[in-house]
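Both complexes shown next keep chain A, but they swap its partner, so chain B is in the first and chain C is in the second.
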Partner chain A sequence: VRCQLSPPQRPLQASAALRRVSDEKKKEPLGSSPQQQFDSHPADHQPEQGPQGPRPSYTGQGGQESEDYESEEQLQHRILTAALEFVPEHGWSAEAIAEGAKTLGLSVAAAGMFHSDGSDLILHFVSQCNTKLSELLEQEQKLVQLGEAEKKPTDQFLRDAVEVRLRMLIPYIEKWPQALSILLLPHNIPSSLNLLTSMIDDIWHYAGDQSTDFNWYTRRAVLTGIYNTTELVMMQDSSPDFEETWRFLENRVADAMNMGNTANQVQSTGEAVVQGLMGAAVTVSN
Partner chain B sequence: PAGGVSLRLCGTRAASEGVNKPVIDRIIRVDHAGEYGANRIYAGQMAVLGRSSVGPIIQQMWNHEKEHLATFSELMVAYRVRPTALLPLWNVAGFVLGAGSAFLGKKGAMACTVAVEESISDHYNSQIRTLMEEDPEKYKELLQIIKQFRDDEREHHDIGIEHDAEA
Partner chain C sequence: AAGLCPCRVLFACRGGALRALCGSVRGLAAAPEMHFGFQTVTEAERREKIYKVFESVAKKYDVMNDSMTLGIHRVWKDILVHKMNPSPGTLLLDVAGGTGDIAFRFINYVRSVRERQLQRKLKHHQNLSWQEISESYQEDKSKSLGDSQVVVCDINKEMLKVGKQKAEYLGYSEGLSWVLGNAEELPFDDDKFDVYTIAFGIRNVTRIDLALQEAYRVLKPGGRFLCLEFSHVSNPLLSRLYDLYSFQVIPVLGEVIAGDWKSYQYLVESIRRFPPQEEFKAMIEDAGFFKVDYQNLNSGIVAIHSGFKL
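What follows is the complex of A and B.
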């Protein structure tokens, strides 16, 4: 007996599917298209029939999965990736996801698997971009280690990394302000903040940051500020190839480098003052 | 001097693969903070008692703590662990504790050392237990380091008792 587990958001379908298996009903309760693969698994007596090629299935089937079945998570990734193509037209929405599902031969009802505000699609996109960035930075690091490339100075490294990452937004730039506002919704903030902080940490790691003191926080906070402000400037930028944005970025990074020097000066002054006080205390106690 | 513990760091990715990241993160962050605090305590003690008869003893123990801190800083980079945000607090608090206990005299300073090293040893022991429960083989290097440091701290504790009892 092959049991089916539907995704947690659709408990009705699960009970309906089980009922179907036991009653051998042909009609699906939600009237979705016959193409819908993940509920069209035939009842026991037709195990060989069904669409060719990889069938989506769910984990937790009690060991009845075989190697060529993908997990629910992989399926969701495929749908979201396919949906990106439709974002320029439909925005970050369930419509885009539905179109994406259609190109994979799935029913438009697949969009029901995801949040209705489009946040799943946006977070998927951000996560994909961050992964791409990490891979690029890793490759660059390897080239430097092999001696095939020059090690960039820190300010240029940061500028290039932020530029590369922001350029990934260009195909979706019309709809990106919408995405930003969705990411700022309270229930999305933990996830979006998480993605942002790990990206910034990655950039600093590949830039060679080895700080183990409070600088660790200062540097990441500063870079986050640079990234966010540059992103906002990019939204308003209409210059050819966003040259105004990259100039803004260059200036902000230069500011940050100067800030580092100023901070050092403040710290030295502070240390001198403390030493003076300690000396006074010791003198008084003696 | 503290035993020569060499760190074979073959790159951060190798260090991070297959380990229980949250557990390791916490261990390294806490230990780094602890050694940093210990550093500041001895610095405070030296500031007051540096020129007294226990000066050299305190300096020696302080040197050990500096080595410990350096080791954890390396581990922090290798495992990409975030340092504690409370470092500025430990900076001041540690120094004040060290200097304050030293103002009470040599006995005060040694009593402070004994108390601090006692709790650090217990803390390292429970970390060793945690890592042994997880996977002694996978964490062999880290276990070796922590065991060595635990022994060093116990030695400091014993030195403190010795001088506390004498003075």
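What follows is the complex of A and C.
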């Protein structure tokens, strides 16, 4: 039973770490935010910086948060982003998250907000990369529409998109096998699969795929296969600038393109064979 | 007990309204009725009675814990420290930590994490000279806890005495300090600790809201509040068995092992009087904590509440 007298208490209690949206642009130290609360300064309506588009608004606790404080999710995103720079040293783990929290001026105990296996950090990174990829593809599309760039053939487009996406892994490549293994843990599979499929879908969308038949599935399945295998090849590639990986990618994409033709050829050959047999049967019966 | 519940809620509300004036009012708050187990007493009486309870059980506290819970309390405390997952360099405040169970587990955990870290570091340094290797061993020995520290705070001198004796006996000396203090008015500065734990202590606190506020005050931004406490069992069958065990077996054990029926009667009654999980979660949120959550252990016999100062 929540007491009716409690609601006013929340906004009055200065939040120790959640900042006002306006603070983000000024990058003031956390210590000064409690004083901001008593300003008669009107709430800033600047859009929030960072990968999340929507403005911070009511959150949790029965909507008692004031509108211009960032939500817990945004703080979590900030911690995870800060934690990424510690990944090469500590791996994808709660330690990296703890170090990230420290740089934001928070206690190392803040890492307790996340799963102890580091999966939150990995999923955050993957989702960040996917967002970056979508933005790049969108920009490219705009250029093509404006006529400033030529439309690439499908295989070239797919190759470039996958290469760009995989290059984002390069700073973390040493610890990436650890990340992959964590993503394959049963309780992480739904979220990681979700991110993977939406990324593949994005790539095909910008490649101009408008199929409404079974092709939709085959195309995505094929590209998923290409992406995953190339990623694995990249893990153990030691050539300069991962040349071997890009060559592997080129070959796989070419295979995929040929597969369509091969399928048709197989079908027509099959039909021809069947016709031949029927003819022979008719001849023999006569 | 149902009839007394509105009384308790009302008091909690009153507590909320008075919070701004609590500094001056607290001294005068001897009059309000409070519960001591199933009895109704004044606030001052309650504090005194609880102090006496723990003074008398202090020496047999650990033995009684083991016999009442059949040793399962050790597992609960282990789960609490695992949930905390402290990294080396963490500063822990264990309130009502009396005989030091949580503190010792914390030290063990941090030591093993630190050892793993050092092993990993050594693996990377494959080509060191013997001089460098010996230097690194010396340095690591002096930092076996990696700057982690735990402060055990308890209101009861006897419990602290037992705790210190245990620490000496088990060989814990580094990174451990014992402080006499009241959870409602902690003798520490603001923003000091990374983690605040209170295991099986908060139901003995007379003004829980004040204790939660103090917890909020002494934690650093980003710090974590963890509370391990007996809670509400929702499963009706289990609840009946649990009641039977609590009221028939535990006071008898108390009399046989510790020679103190009344203290253990109080213990069992105080468990019944403590707010259930959701209500306690709301109280923690009222103190200003975010991301408040609870985990039931043994289907509600015990619950771990966690909140962050964000």
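Definition applied: the second predicted complex is superposed on the first by the 201 of 286 C-alpha atoms of A that agree within 3 Å, B and C clash if a C-alpha of one lies under 4 Å from a C-alpha of the other, contacts with A are read in each partner's own complex, and residues count from 1 in each chain.
Just so it is clear, a contact is a pair of C-beta atoms (placed from the backbone, for glycine too) under 8 Å apart; a residue touches a chain by one contact, two chains touch by 3 or more.
Not measured: the values here are computed from a predicted model.
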- Query: Looking at the overlay, what does A:94 touch: chain B (first), chain C (second), both, or neither?
  - Reply: second
- Task: Please work out whether A:282 is in contact with chain B alone, chain C alone, both, or neither, and reply first, second, both or neither.
- Result: first
- Which partner does A:214 contact after superposing on A: first (chain B), second (chain C), both, neither? first
- Message: Quick check on the superposed pair: does A:109 touch chain B, chain C, both, or neither? Answer first, second, both or neither.
- Response: second
- Query: Which of the two partners, first being chain B and second being chain C, lies in contact with A:205: first, second, both, or neither?
  - Reply: first
- Message: Quick check: in the complex, which residue numbers of chain C touch chain A?
- Response: 9, 12-13, 16-17, 19, 83-87, 89-90, 191, 194-195, 219-224, 279, 282, 285-286, 288, 290-291, 306, 308-310
- Touching chain A in the complex, chain B uses residues 12, 32, 47-48, 72-73, 76-77, 80, 82-83, 85, 87-88, 103
- Tell me, which parts of chain A touch chain C in their complex? 1-6, 9-10, 13, 15-18, 30, 60-61, 72, 75, 94-95, 98, 101, 104-113, 116
- Going by the contact rule at the top, pick out the chain A residues touching chain B in the complex. 201, 205, 210-214, 216-217, 278, 282, 285
